[in-house]
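Same chain, two partners: chain A is paired with chain B first, then with chain C.
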Partner chain A sequence: MDFEALFKQFLSGDVAQQASILRSLTIFLPELVLSSSIVLMLVARLVSLDRIIPTHWFALLGGMTSFVIVLFQFWEFGNSQTVPVEVFTGLAIHDEFSIFFRGFLTFFLVFVIALTVLTGIPDDEDAPDFYSLLCGAVVGMMLMSSANHLLMLFIGIEMASVPSYAMTGFLKGKRRSSEAALKFVVYGAGAAGVMLFGISLLTGILGTAQFSELAPRFQAVFANHAGMQDPATRCVALALLMIAVGFAFKLSLVPFHFWCPDAFHGAPAEVGGFLSVGSKAAAFALLVRLTTSLAGDGSGALSQLSLSSGLGLGLIAIITTTFGNLAAYSQRNIKRMLAYSTIAHAGYMLMAVSALLVLQSVQTDLVFQGNHQENGPRAMEGLLYYLCVYLFMNLGAFAIVALIRNQTYSEEIDDYKGLAQQVPVLAICMAICMFSLVGIPPLGGFYGKAFIFASVYEATNVHWFMWLVLAAGGLNTVISLFYYLRVAKTMCMDSRPADAVPVTLAASSSPAMYVMLVSGMVVFLGIIIDPLSKVALHAAHALF
Partner chain B sequence: MSPETLLTCIVFLPAVWAIPLVLFDAKAKEAMRYWGVLGTALTFALTLQLLMQFDSSKSGMQFKFDTPWIANWNVFFSLGVDGISLPLVVLTGFVCLLSMLASWSIDKNVKGYLILFLILETGMMGVFLSLDFFLFYVFWEVMLLPMYFLIGIWGGPRREYAAIKFFLYTLAGSVLMLIAMLMFYFNSDRSFDLLELAKIASGTSAGRSHVYGMSMQVAAFIMLFIGFAIKLPSFPFHTWLPDAHVEAPTPISMILAGVLLKMGGYGIIRIAFPLCPYGAQYAAYFLAALGVFSIIYGAFAAMAQTDFKRLVAYSSVSHMGYVLLGIAVWKIVDGKTVGREYWEMGLNAAMFQMIAHGISSTGMFFMVGVLYDRVHHRDINKFGGIAQVMPHYAALAAVIFFAGLGLPGLCGFVGEVFSVLACWNFSPLLAIVAASGVILTAGYILWTMQRVYLGPEYKGPHPEALVEMNSRELAIGYTLVATAILFGVLPHLLFDPMHGSIQALTQSLASSYETLYGAIHTSQLP
Partner chain C sequence: MGEVGLNAYLMVGAVLFVCGVVCMATKRNGIGVLMGVELVLNGANVNFVAFSRYTSLGLDGQTVALFVIVLAAAEAAVALAIALNFYNNHLTIDVDRGNELQG
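For the complex of A and B:
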């Protein structure tokens, strides 16, 4: 092939449903912008530009620009007859689902940067390091959400994880912080190794690493095989289990959750907030993408695969939610409590994925009263809505923790006593976030939960086990009330001890505005549900 | 004003009214209180306006309107009013106004108190007016949060315990309700419309003649019933009530007893019965027996109390038992409803009892509150001789307590006697037991009055504080007494608007059970 042909292929591409390299680069623009802002930040330090322009402006500008580009891509999808394409010769995919998550992540990045500016967690000296790690992690997460290849899956996860390890240990002088980072790294490296092994097994059996090829190959390989006696079946089961371990680590599912409370406890609250929302969202995007491609159209051997993996995830979801809620009950440190609450919420969200897989395992309408085709996208809509609300309510909670820490140097729940008398704004916003985490209308958290429960209920038509999942979800909502309520109670009902460090925050100051904006969004998403729900459903349809 | 605007205003006016409160200076307590009174008074005026516009000769839903809210999930913002919800809406406006007037005793963080109070009113109005199950559920929960804080911040010594207990019980019930709601949603091809769901249940829906399966109806009814029985409250789900009522500040106790408990009864009449007629009939005898047991149990428990407020709280358990009894007296023989007019009478009695209890127990809590504000204790055994020092107050209290007792000529009588009469057709045994509950009620109320108001002199703490009621308190007292007498003498004022709706309800339930019974016998159903 001569140069001209190569160049032509670069420009136009010649494979159906695949974008040319040039087009791929344009689609990849948000990630490129973020990467270049990282480079810019590091160069700016070299030439001491960061003495004149604070580093966070670079990060903020980069985040906003890439968010705007993603918005533009979304608009492009909505308006013209753009079809989903595979980019970079099939390594990644560009559809509404990936756009949704890339938008979600860049939007979240902007909010996290704004929070760190308000709380001043990286000082001027460390700012370039911190923001390059932050932006780098987000690029990794964006890769995760658009991955279309098992290799890309692994690269994305690692790219998101490595900066997270460093950020966890960002408070360099603190022993607990370093310990947390070390724990996180060791666990993470172990889980990644297991996952990589699983990936290679799967690739070996199916002969492909392309997501879109997984289901047909599976169908072909297992057309005549049956039962666990077959070595190939056992091998595939092992591979899936190993990949699941990697996901369970990222999503902090029981029994791979041990790093989570320690990491959150040691890391600054801002980083905790970032990890609890960002990496979770990206991991869910990837999990959904992988499982739906594996499940395919749910015919033949795929039906069994889809059903059993759905039920397996359902079991993990039950254990995770229950464990997370019970463990959170006894926590005295608010960050540890929020860590366990994150674990519990990962369980609720996993219920949506489980319901989706169970629903996809049936092809006929016979067992359903309603329109079966809509069931899968509905389950996804629930998950996406939940994630969006979760962004605000969790970020709000962590932001308030960070703001209070800046004044009292304490993150113990007991030290929050009677804060409503000194800073009513923080107390009210915290109460809103907490009640939304419980899932009480009219706050946003309820709708995500209700939508997910609705899908789980629908899945009970397929398998009785989903009744247990539904019951566990309901019961856990009631259990979780205890510890969320305790925070609200401590802040609003107890009286402030006389010797406690006073906290002051004017309602018109910018941190207060930030907190009000975030918790205001929680209320807003609880009253105006339609727009986001429509966007989420639209994005979910891209998968089916 | 167009009916749509009117209904929307009734629901949202209180919450919107709360917004300007944020701007008030924290020290301007009097101004904020008057602002609150103005808001509740306006809302009450709007409910009266609704009463004027309501056509009591029609039996169906009036002023119904739908606006899409969550279009993807077929959730509508749908409000409407009929003879069953109208009296409760007016009652809510009335009780809220009175308890807002009684809120002068609240001195701590008045701004927060008033904001939560007004949000609470929005939640209650929304529950009674919404015709979409999802919307109903949302409003049902909206009222939880303000109530939690109102008890937890402004309550008595054990307020935190009481508040969390209240919250936990209600949330547990709500989760069950949510699951039942999903059951109907998916079995009706994605609809939350209560009227449509009821139509499907009765087999009269145009497109969907599919009737909910028997096992599903029973399961859904049990879940819905537990959710509502917690609010009602009925034995054995009543244990939150004495704590919450005792610890809540007086005005909030008034709302709790006057309005919140009615939501349980309303939910059973509006949702549990119409949506699962088979399940309801399946459990009818059990419900009636539970109601009777609550009457007797509540009366005995009340008799054993020494805390004045706790006594009134247990009397609520007893009085709400009549509501459950009246609702449940649905007698079926061979798939046919026997003596439907008796059942109708029972439902009428249940509705009347809810309103009457709304007036009498609001009054009783208010009367207890007046005493508590002065002497700061509620121990019945330390009272005595109040009538000597506060004759005016004692006279008003006596009328209110007699209304609670069920003295003929006062509002409490009508509901009790009709539900017992209706029960005779259903089960004479239960009727006899329920009727004997009246003796127990008379026992504990007369004994309480003797210990608190009569006697030679008051020997408890703070005797110097026992001064006659001020004009604000007198206004509340006289209003309550007047309404208690009004409905006792002219019960048709209440029966007239609700009669048509209740007749339509019993007819449709009876016919739908018959259809279902026929379908079971030709075994078309799972």
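For the complex of A and C:
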């Protein structure tokens, strides 16, 4: 059948089908707006319109418009219906969870664009390239957060990764930047290949690629099979392991974290901030979606699957946080330190996913029913709250690094000595971000960690291993205190050497305003928790 | 000639996958590593098409294979551009020579 025949069939097809496609397109509007802003930026350069209107306005407008549309969808969803809608014949799903993440990502996009405008990382010549890569990566991340099909999972991951590779190597003439990009692309392409092979095995054995059908098919295949002796079981285990490799790469979990410090060190700080928040958030959304749909209702063989994958993720989380925190301790370059801190934080957030899966495994168990029903959504609420706080505190830290780099051309921690005497605004905001990354009350980071540790504590009722996870989380928070506070101490307590490059930044200038806004949000989320945690809980309920 | 059967195709896919992984792990030339990635992706593609022919997966497998071909092309384009940029800065594409980022 050729395209013309297909098109005619669509035009003459039944009304219900056309209506469902139109509905899908309306739901897809935020992504469409972002994509068209990419086209607009490139066309604007073609006709030299970017000499009159700077390109970042197109990007900013596209980001804001799609954020507003997502907000509108959220409002509409709260008012009219509460049933998840499958869009594009079940390839993607539209529920509160995907709305939450699409809102999160577009909001983050606006902040990143504002930051790049303030620090001026892409010059006028390169701006269309940079912003189209940025918007393209965000579209990929939005697809990841609403994926409902293994094909969408892979497309989303690739669409988010490929622009990230290019953005890492964006400063073309720099040796370090090109080395970082090469390492990133080699590791990334390898991990994506392994993941795709795992997907092919999984779809082949289960006979479906739809998330919602994975759990029933899994149960049907394993209803009368015995343990690991069975080749089908072993094959599914291998496939899940290979898919986990892909996720571990995206989330920079040990032992697939090697790219992360190198990529962050070589890339501009703005790109580092974007990757550390955006791609992590989208990968967590996808991981949660895939694991909850694999775990299904947690009955029969699924309970075992859910428990063992939960414990496996818990083990990886322990190793990842411990490694990240220990390696961050000896870093001299601030971007490298923040990269290891990103690895450690991915470990903390993975603890929430692990707790969720362990709790889900006893969902049908009568002993654990009753008021324990709420535990799964609670774990998810913790993860979502943590991600929101993490957006501000990490973006704030990277923004300050970028602003100081613009004046001193240095990213070594030693060159930050005594900056409090010259630019108190930056020093104080950096201290706030660092304290929040440790998780000191009353800053936002504390509540994120508290929510996650509370759900891990709940999961200890199910399996003793979660005590180890909880202990590792607590211990790591203490370890991380040292290297975060070292940065704050260097900036605030030491005196500025006489030969150091002076840094000036008026407190009323727009970069200072930006930094104050971001770190103000960190403080705000630590004091007023209720609205955001309610929204997060609401979004989490969509999964169960 | 009888049907070849699913297992033969899966075997080809697995061999391609292993060749690709070995290639990625042992090659020092950046382009060689990228060729390994292509082998891995195409091994998965063989699996998808075989599964769609012999199991209940149906057309989904064929569709995924088509998408993967496009994605592999896009990824190769970006990867080659990055490799070229690395060459311009370092005058080599030996991945072991990229050792400035350490700590």
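As a convention for this text, the second predicted complex is superposed on the first by the 517 of 544 C-alpha atoms of A that agree within 3 Å, B and C clash if a C-alpha of one lies under 4 Å from a C-alpha of the other, contacts with A are read in each partner's own complex, and residues count from 1 in each chain.
The rule is simple: a residue touches a chain if its C-beta (ideal position, glycine included) is under 8 Å from a C-beta of that chain, and two chains touch if they have at least 3 such contacts.
These numbers come from a predicted model, not from an experiment.
When the two structures are aligned on the shared chain, A:219 is found in touch with neither chain B nor chain C. In the superposition on chain A, A:442 contacts chain B only, with no contact to chain C. Comparing chain B with chain C, more residues of chain A are touched by C.
Residue contacts after overlaying the shared chain place A:308 against neither chain B nor chain C. With both structures placed on the common chain, the touch criterion links A:406 to neither chain B nor chain C.
In the superposition on chain A, A:458 makes contact with chain B only, while chain C stays out of contact range.
Once chain A of one complex is fitted onto chain A of the other, the partner contacts of A:178 are limited to chain C, with no touch recorded for chain B.
Once the two complexes are laid over each other on the shared chain, residue contacts for A:208 go to chain C alone; chain B is not touched. Listing the residues of chain C that touch chain A in their complex gives 10, 13, 17, 20-21, 24, 30, 33-34, 36-37, 40-41, 43-45, 47-48, 50-51, 55-57, 60-61, 63-64, 67-68, 71, 74-75, 78-79, 81-83, 85-86, 88-90, 95, 98, 100-101, 103. Those residues of chain A lying in contact with chain C across their complex are 150-151, 154-155, 158, 162, 165-166, 169, 172-176, 178-183, 185-186, 189-190, 192-194, 196-197, 199-201, 203-204, 207-209, 261-262, 265-266, 330-333, 336.
Interface residues of chain B, counted against chain A in their complex, comprise 68-73, 112, 137-138, 141-142, 144-145, 148-149, 152-153, 159-160, 164, 167-168, 171-172, 175-176, 178-179, 182-183, 185-187, 189-190, 210. Residues of chain A that touch chain B in their complex: 369-370, 381, 424, 435, 438, 440-442, 446-447, 450-451, 453-454, 457-458, 470, 474-475, 477-478, 481-482, 485, 489, 492-493, 529-530, 533-534, 537.
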